[in-house]
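I've put the structures underneath this note.
One chain, subunit A, appears in both complexes that follow, with subunit B as partner in the first and subunit C in the second.
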Partner chain A sequence: MSVRKRTDLMGIPAERAPRAGARPSKTDAAGPLALGRTQASSRDELAAWGLMPALAAVSALALLVIAAGNYLARAGAPGAELLFWLGIVLIIAPFAARLASERPSRQERLRLAVWLGMALYVVKVMNSPNGFTYADEFMHWHNVNQILSTQTLFGQNLVLPISALYPGLPSVTASLVSLGGLSVFWAGILVIAAARLVMILALFWLAEQLSQSPRVAGLTVLIYAANPNFLFFDAQFSYESLALPLVVLVLAVAHYRLNPKTRQPVVLTLVAFVIIGAVVITHHLSSYFMVAVLLAWTLLVARFHLVVINGARTTLRWYAGEITGSAAWRWALQATRNFVHRREQTRVNHESSRDPSGLMFFALILTLIWLAFVASSTVGYVGTVLGRAVVSVFRLIAAEETGRTLFVSTSGYVAPVWEHIIGLGSIVIIVVALPFGLVAVWRRYRRNALVLVLALMAIAYLGMLGLRFAPAAWETSNRASEFLYIGLAFVLALGVTDIRLRKAASWIGPAAVTIGLTWVFCGGIVAGWPENLRLARVDQVAVGDRILQPQETTAAVWMLANIGPGHVVAADDSNGRVLLTQAHEDALVGRNYSIDDLLSAPSLDHYELYTIQRFQLEYILVDQRRISSDNMRGYFFVPTRPVAGWDVGLYDLDRLAKFESAAIDRIFDSGDIAIYNLETLRSGQPAN
Partner chain B sequence: MASRRIDLFIVLALVAFSGLLIWLWPGESVLRSVLGILLVLGLPGYALEAALFEPGSLTTSLRLLMMVGLSLAAGVIGGLALYWTPLGLQTGTWYVWLASITVGACLVGFVRFPAHPSGQAASSSPIKLRPLVLLSAALLVSGIAVFVARLPAPPDNAQGYTQLSMVRLLGGIQPVVRIEINSSEFGLVHYRLQIVLNGRPFTDIPDILLAPSDHWDRVVELPVSITPDTAEAVLYRLDDPSTVYRHVTLQLDPSRK
Partner chain C sequence: MKLYFGSIVSALVVAALSGGALLWDGSYYLYSTLDTQAPFLPNNRYIAVVLETPVLLAFKVTNNIAILKAVFGLTYALVPLISLLLCWLIVRRSAPALFVWAALGFGFGTLMLQLHFIAEATLSVQLMWPVVLAALTPPRWWVRGVVILLSVAAFFSHPFALALFAVVAGLAAVIGWRYREQRLEKWLWAAGFVALAVVGLLRFSGIHTNYETDQISWQILLLHYQLALQGVPILAFSAVALALVVLYAMPYVRRVKLRWPLQLDGASLVMPLYAIELLCLAAAGALFVLWASIPELWADALDYRTWVLFMSLPFMGMAGLESLVRGPERTQGPQLEWKHRARTVQVVGVVFALVIVLQSLSWIQVTNQLQAAIDQSPGACVSMSALSDVPHTALSHWSLTPYSIILQGTVPSKVVLNGDCAAVNFTKGLPVAAWDLRPWTTGAFDMHVLFQNLAAKS
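Moving on to the complex of A and B:
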C-alpha cells in the first residue's frame, strides 16, 4: 500500500485522520498503532471503567429476563416472546447509546464491546442450554466423537461429508475433551466462546487501526453484532463460528503489519501465517473469503483497478473506432509494463512489507493445496449451492419462477406484521445510513485500500439482499451476511459518527442513533432466525426429581445399549442426527441416499428394496411426526400448547404400515417412533 | 529496573502441574477441567505471545487477543500435526504437543526477553470497589440466568411416552428374547404385557407398575415345541385396557441370530 503524506482538509495526514466528531481522550492516545505502551496508559487501561460495570449489570438482568422468557416458552405460557424482546432491547439499547456517545474512553468502549459480544453469546447458550440442538452442531459433534474414538482425522460423516474434511474445530474441541475431561457439549461451548472473544477483539482492533477511532471501533462491533447470523447461527458449534473470527484476526494482523511504525513485521508475518493455516484447515467458505479480501486488497494497493478502468476505456475507444487494434494492443503492453515496473519500484524502495500480497499468495496457495489434496469434494458441495442460487436468480429474472415471499416460511407460516415492520425498517435504516458512511470513506479513507475493500463489501451486502427474493438463492444471501457485514458494520459506524456529529447539540441525535442501532439489531434477529426457534424448546421435562428426555434421545440411547454402535441406520433428518451423535450409528438421511423416498413411499416396492440393498441398510427408524423431518425443530418434546409455525401433525399411517406388512422385526416402539430390523430385506429376501 | 519473567515461570508450573494431574489423577475434576481449559485455550498462546512480542509492546487487549487466537490456532494445527504421527490424537499426544509449544515458547521468551521493562510487571493497579462489585454482581446474575435456562420444563407442555422393545438374545436351540419397558410418562402407570406366539397368548403379565423414568425388563425363553414363526409383545395401559398401547414383533427363524 502506498502511503503518502497526503493531508486532509484539516491538515492531518490522511492515514491518521481522526474520526469525525470524536473527542480524543487520554486513553485514545494509546491506540492500536501506539506499540510502546506507557505505564500511564497501562494504569488508564485498568482504571477507565466508566459506565461499563453498570451496563454489564443491566445486561445481566436482561439475560435473566430472557432466561425467564425461555422458561415460559418451554412451559407453553404466554408472554415468553415479549420477555425475549424486552431482554434483547435491554441489552442492546444501553450499549448502543453508550458506544455511540463521545464520552467513553477507549478502554471503556473495548470492555463494552467485549461484554456485549459475550452477553449475546450467552443468549444462544440459553437457547439450547443442555445439549446441541442446531442441525449443523450435530455434524461437528459427530466429528469430535470420531476423533475421540479413532484418534485420527478425516473420519466418515455420512450426513455432511464435507465437514469431516475441515477438522479444525473438532480437533481443538477433542483436545479440550481429552485434557480437561469435559463433555463434548461444554468443550464446544468454551471453544466457540473463545472464538467469539477473538472476533470481538480482532474486529475492534481492525476497525480502530483503520479509523484511528475507538468510537468507530466500538460501533463497528455493535453493528456487526446486528448481522442476521451473529446471535444464533455464528454462535453455534460449527466450523464457521471458529474460522470467521480467525479471518478477522488475520486481517487485523495484516493491517497492523503494514504500518511503518510496526517494529516486528517478521513476527507479525509469522503470526499471520499460523492463523491463515488454521483458517484453511477449519472452514472452506471462510478461507475463500479470506483469500478474496486479501486479493482485493492487494489489487487495490497495486492500483490494478486503474489498469482495469483504463483497459475498459481503451477497449471502448477501439470498439468505437477511435483507435486501431494495434494501438490498443500497444497500450495493453505498455500498461502491463508500467504495472510490473511500479511493483518492482515498490520492492526496490523497501515498501514491499507494506503490501499484503505475500499473505495473499500464502493464503491462496494453502487454500488451493487443501482444496486439491484434501477437500476436493468442496467444489461440488459449494458449487451446487451457488449454482442453484445463480440459476434461481436467472429464472426469477426471466419470470420462469415466482419470487420468494418475504417473511413466509417454507411450511407456509407467515410472520406477524410487526416483524415485517422491524425487518424491513432495519433495511431502510441501513440504506439511509450507508451513504453517510460511504461519503466518510471517500472523504477520509479512500487512500486506505483495505477500507475501500470494506466499502465494496458494504455495497455488496445491499446487492445480496436482492437474492432473498430468489427461492434457491435465499440461503446464499443469508450466509453471505456474516462475511459482508464486516465491511458494512465499519462503513455504517463511520456514517453513524458523522450523523452524530451533526446532531451533537441535540438529544434527538443520540436518541435516534440508539433507536436506529437497536432497530437494526432487532431486524437482524428477525431476518436471521425463525420466530419459533428464538426461544428455548422443551428438551427436558422434570417430573418430581426425575428428568425425562425426548423420544429421539431415548431411542438413540436404547439403540446404543441394545444394538451397539456402527450399524447402518436409515432415519429422517432429525432422528438421523441424534443417532449419529448419541448412538454412534452410521446414520443415513435425506435425499442423497433416497431415505426420504424410502420413508415416504406407500409400499415397499422394487425401488425401496433396491435402496435398502444398495446402501446395506440394517435398521430403519420411522417417526410418525412430521416435525421429525425438520432438522431444526425435530429434537424436542412436541409441545401440547400451540407454537406458531410448529408442525405437530402426523404422517399418513402408510409410512409405518408398509413395514408392518413386510414381516420384518419391529424391535422398538415408543409411540411415535418405531425401529425395524431390515436384515431379511437387506439380504435380498423380501418377505410377503 | 527490570524484573524477571515470573509470568513464564508460572506458565511452566501450570503446564507441569496439569501434566501430573492428567497422568496421576485421570478422573474428572474441576481442577483438571480448569487446567485443561488453560492448557488448550490460554497457555500456548500466552507463551507464544511472550516469545514473539517484546514485553509491554502490546496492550492488554491485544495480549488477550493473541493469547486466545494463537492458542486456538495451535490447537487447530496441532490436530493436523498429530494426525501425521503414529500415535494420533490422544490425551498423551495432545499434552505433549501443547506442552511442547508452551515450554518451547517460554524458553524462547526467556532468551529473547529475559526481563520485563521497568514497571511492566507491577503495572496492575487495583480495581476500584464499585466496578468490582457491579461486575461481580453482573457475573453472578448471568450465571443465575444460565441456571434458570437449564431448568427442565414442567410436564404440562409436553406429552409422556413409553418405550417397548424386544430383541433376540444369543442362545441355544431355544429362542431367547429380552423384553424391556421404559417409562417416560409423567406419572405412575399400570401396564399389562402380553406375549403372543403365532397369534396365541403365551404369557400374560397383568400388572407392571412404573414411575417416570422407571425401567422393567425380562428375559423370556420361548418353547421349542411350539416352533413359533412370530413372537409379539403387546403392551396395554390398564387405564385403557382394550387399546394396544405399544407392540413389537420378532420373526423367529431359527437360522437367524
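Moving on to the complex of A and C:
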C-alpha cells in the first residue's frame, strides 16, 4: 500500500512512497476504477476475488434471515427484531473484518464495497416490496405520474410543492417507465439502485484518490454506510437518494481532473458540468452542499485562509488604535489586489489551470439561476425548516422549552435500553476514533485542500449532534448526517488504518476494529429509523385469489373509479398522500392549508367555512384513526395487537359529527374513513 | 464619532418608521392619545405630555395613520439620541474616555427595550445618563442647566429615577471628597439630588398605583428574569461583562507593559486582551442580532423593563469607579487609549444599529402577518386564538386590540380581541383593554363601520 507523502493544496501528489510497516499489495497501484485494465494472470484474477464469494454467500444468508424477520413482523409474531439485527450483524461484521484487513486486493475491496452497498439496499426493498410506503416516496411517485400523464415537467404537487420544481428524479423514472414498460415502483427501485451503485463507486474512487489507499477507500464506503440515513432514508424513492451520489461523483471527477497526468481534462470538465447540472435539477440541499464543498475547497486551494488570518490581525490593530480606519481599508484593498494578482499569476503560469474554481463557479451560478428562476419557493421551504431549527436551539438555550429526550419518539414511544447503549456507544466510538483520523489528516494530508474540507465536515458532524437535543432541530441534525458523514467516513477510515496495537495479540486489533465498525453501523440504524418501522408491515392481504388493501387505499381506488381524478380533496397526512398517488386527486394536507385545523375543529364555524371556501375544497376525507395523522405509519393495516409506537386509538366523534350535522352528503364510508361532498359549503365566495 | 452617531441615528430612524414605538402598550398609548385627543398619562408619568403632544398636533393636520405613527415614533426616538449627544458633549473635553461607558450603557444596557421607545423605565435611565456623567466631570455653566432639565424630566418619567437620583447623589458626594477643587459644588449636587429623591419618594408614596408597587418584589424580578433575560440575552450580557472587565483593566495592563518593558512584550500581552474584548463584543452582538431576528425570542422582552435599571447600573458604576480611581486627568487618557475606546464605541454603535434594524424588520414581518390575518379573516371580530403565529411573538399581549385598530387607520372595520369573540357583548362598546370599554359614539376614531360589521355578523 502506498501513501501520499507530500502534496500541494490541490491534492496533487508530489511523490509517493510506501509507508513504513505497510504490506504492499499487488494491485494497489492500479488507476482509478481500473478493473478491466489489470494485467494479472488468470490465477491472479481468481486470487483477486479473495473471500468475496464467501462473504457474498454469508450476506445472502443474512438477507434470508432478515426476510424471515420481515415475515414474522407481518405476522405479528415475536422474534422478528432479533432476526433483523442478526441479519444486519451477519452482513456487516464479515465485511468490516475483511475491509479493515490489509490482505485483500484492490479489486476485492471494490467488489466487497459494491456488494455491501447493494445488499443493504435489498434490506430496504424487502421492507416494502409491494409498493412505495415511505412518506416522501408518495410525493415523487405523484411527480412521475404527472410527467407520464401530461408529458411536461413542473406539474402541480400540493403536498410538497417544491418537489415538482426539481424534476431530475421523476423525469429519469418516467423515462424508464416509458421505455421499459415498467411500473413506476419498479422503475423507481432501479433508479435508486443505480444511484446507490454510483454512490459506492464514486465514494471509493474519491477516497482512493485522496489517500492513495484502496484499504482506506473500502473502509470509507463501509463507514459511510453506517450513517443513520443510509439503510432506509437514502434508499427510498426520493430526490436526495439520487442527487447525493451525483455530488460525490462530482467531487471524485473534480479531484481526478486536478491530476496533471490525467488525460483529456476537457472531457472530464464537460462530464463534471453535466453531473453538476443533474444535481442542480434534482435536489436543492444536495446542490447547496455541493456548492459549499466546492467553495470551501476553492478557497483553501487559493490560500484564502491566509487572507482571513491577516485580515483578523489588521482588524485587531485597528481596534487597538494602532492604525486608522482608512489605513485598515487600504490594507484590505491591497490584500484583495494581492490575492487576485496571485491568482492571475498562477493562472498565467498554468500552475492551477485545473483548480476547482471553475466547477465551483459553474455550480454556484447554475444553482442560483435555478433558485431564482425555477424554484424560488425553495427559499421559504428550506428557510422555514432551518429557521425553526435555529429558533428551537435558542429557545432551548433560553430555557423556554425543554430539551428533547433522546430515544423517545414524538408519540411517546421509548426505545429499549439496549438501543440506548448501542446508539450512545456508537457516538463514543466515533468521538474516540476521530482524533486518530484528524491526526492522520494533519500529519499526511494537510496540504490537500479537499481532505481538509472533509476533516471540517467530520468535525461539523460532532457539532451537529448537539442539535439532537433541540425539539425542532433534531431533524436538521439527522438530515445533515448523510452529507457530513462523507467527511467523517474518510477521516475515520484514515484513523482506523493508522491504529496500531503493537503489544496486543495479533487478533485483538482486527477484532476490535470489526466490533467497533459493526457497533457504529448498528448505532446508525438506531439513530436513523424508528424501531417499529425497520421491518415490513402489512400493506396488503391475500385472501384466496383476492388482494385486500388497507382502508385508505380502498377509499382512494373507490374515489378514482366513482368521482374521477383532479378534484380538490382535503385529508390528513397519510390519506392525502394515498389520494395523491392512487386517486390522482389534488390532495391538500397539513397545516399550510389549515386542513389540520379543519379536521380537528369541534364545529364548522366561520374559520372552517372560510378555509373550505378559500381553497375551494370539493371533498374532505375524515379518518377516525389516530394513525392516519402519522405520515410514516398510516399506510398499513393497523396491528391487531398492541405494537410499541403505534397509536391505534380513535379520535373523538366530533371530528365526524360536525360534518354529519352540516347537511352535506357522505359519499363514502368504510367504517373508519368517511368522504364528504363539500359542494354546498363551498358555494359561497370567501367572506371578507 | 461620526460613524457612531451615524449608526445610532440611522437605527433610531428605521426603528421609529417601522412602528417600533407601537410595540406592546405603545399601540395603546397612541390609540388612546388620538382617540381621546389628550396625552395618555400612565401612572402619572407626566413626561408623556411632552412626548405625545407632537402627534396630537399632527393629528390636527392629517388622519394618515402612517404619518402619525412616524411622528409618534420619531418624537420618542429623540430621547435616546439627545441623551447620547449630551453625554458626548459633557465629557468630550474633560474626560472623553468616559463616553465609552455611556455608549455601552445605551448599546447594551437599554438595547432590549430600545425598539419599545415608550417604556418609561428605559426613558428614565437614558435621561439620567448625562446627569451621571456630569456628576463625574468638572461642571460647566451649560451643563448645570442640562442637569436640572433632565432631572425634572426623569422625575416625571418613572420611579426608577428616584434610585438614579440616589446614585447620582452618592457619586457626586464621593467625587467631591476625592477632588478638593470640586468639593463644594459636588456636595451641593449631592444634597440637591438627595432632596430630589426624598421628594420623589414622598410623591411616589402618595400617588403610586398597585401596578407599580407590585413590580417591586423579588418574585416579580425573578419571573421577569426568566421571561426576558434567561437564555440568549444573559449569555450576551455575560460576554459584555467580560468585555467590560478587559476594557477597564486595559490601561493598567498598559502601565504594566511600560513598567516592565523587557520582561513583558507589549504586543504579546496587550493584543490578546484586545482580541478577547473584541471577540466578547462581537459575540454579544451576534447573540443580540440572532435574538432580534427571531420574533419568538424577544416575545417577552417587555419584562426587561424591571431589569433595565439593574442592567444599566454596572455601566454607570464602571464610569464612576474609573473617575474615582484614575482621576479626571487620566480619564482624558493617553491618545492611544482614547483611540482604542473610540473604536470600541464604533463597534458598539454598529452592533446597536444592526440589532435595532433587524428587530425592526422582524417587527414589520410580524405586523404584516397580523395584517394578512386580519384581511383574510371572514368575521369582523377575530379571536386571538385564530391567529396561529401570534402566541409566540410580541403580539401576544393585551395591546393587540388597539394595535389591530391602529393598523386599519382611524376608520377600522375589524378588531382582534384577546378573548373569544363569541363571548363578548358588543352592544355597550368595544373592549379595547380590560379596563377600557370604549363607547361606540365617542372618540376621534370612527367606529361605525366596525360596529355595523359586528352587528351584521351577530
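Criterion: the second predicted complex is superposed on the first by the 625 of 688 C-alpha atoms of A that agree within 3 Å, B and C clash if a C-alpha of one lies under 4 Å from a C-alpha of the other, contacts with A are read in each partner's own complex, and residues count from 1 in each chain.
Please note the rule applied: contacts are C-beta pairs under 8 Å (C-beta built on N, C-alpha and C of every residue); 3 or more make two chains touch, one makes a residue touch a chain.
These numbers were taken from a predicted model, which means no experiment stands behind them.
Once chain A of one complex is fitted onto chain A of the other, the partner contacts of A:A536 are limited to subunit B, with no touch recorded for subunit C. When both complexes are overlaid on chain A, the residue A:K261 reaches neither subunit B nor subunit C.
Within the superposed three-chain model, A:H606 lies in touch with subunit C and out of touch with subunit B [touch as defined at top].
Looking at the shared chain after the overlay, A:G180 reaches subunit B, while subunit C stays out of its contact range.
When the two structures are aligned on the shared chain, A:Q151 is found in touch with subunit B, with no touch to subunit C. Touch criterion met: A:A278 reaches subunit B, while subunit C stays clear of it.
A simple residue count on subunit A separates subunit B from subunit C, and the partner touching more is B. Common to the subunit B and subunit C contact sets on subunit A are residues 687. Against subunit A, in their complex, subunit B makes its touches with residues 18, 22, 26-29, 32-37, 39-41, 52-54, 56-62, 64-66, 68-80, 83, 87-91, 94-95, 98, 119-120, 123-125, 127-128, 130-135, 137-142, 144-146, 148-167, 180, 182, 184, 186-187, 211-213, 230, 246-251, 256.
Considering their complex, residues 3, 226, 230-233, 235, 270-271, 274-275, 277-278, 290-291, 294, 296-297, 336-340, 342-344, 347, 375-379, 386, 388 of subunit C touch subunit A. Subunit A makes touch with subunit C in their complex at residues 315-316, 318-322, 325, 387, 390-391, 394-395, 397-400, 591, 606-607, 609-610, 614, 686-688.
In the complex of the two chains, the subunit A residues touching subunit B come out as 30, 32, 35-37, 39, 41-43, 45-47, 49, 52-54, 56-57, 59-61, 63-64, 66-68, 70-71, 74-76, 110, 119, 122, 125-126, 129-130, 147, 150-154, 167-172, 174-176, 178-182, 190-191, 194-195, 197-198, 201-202, 204-205, 242, 245-246, 249, 263-264, 267, 270-271, 274-275, 277-278, 281-282, 536, 538-544, 546-549, 551, 554-555, 558, 562-563, 637-641, 663-672, 679-680, 687.
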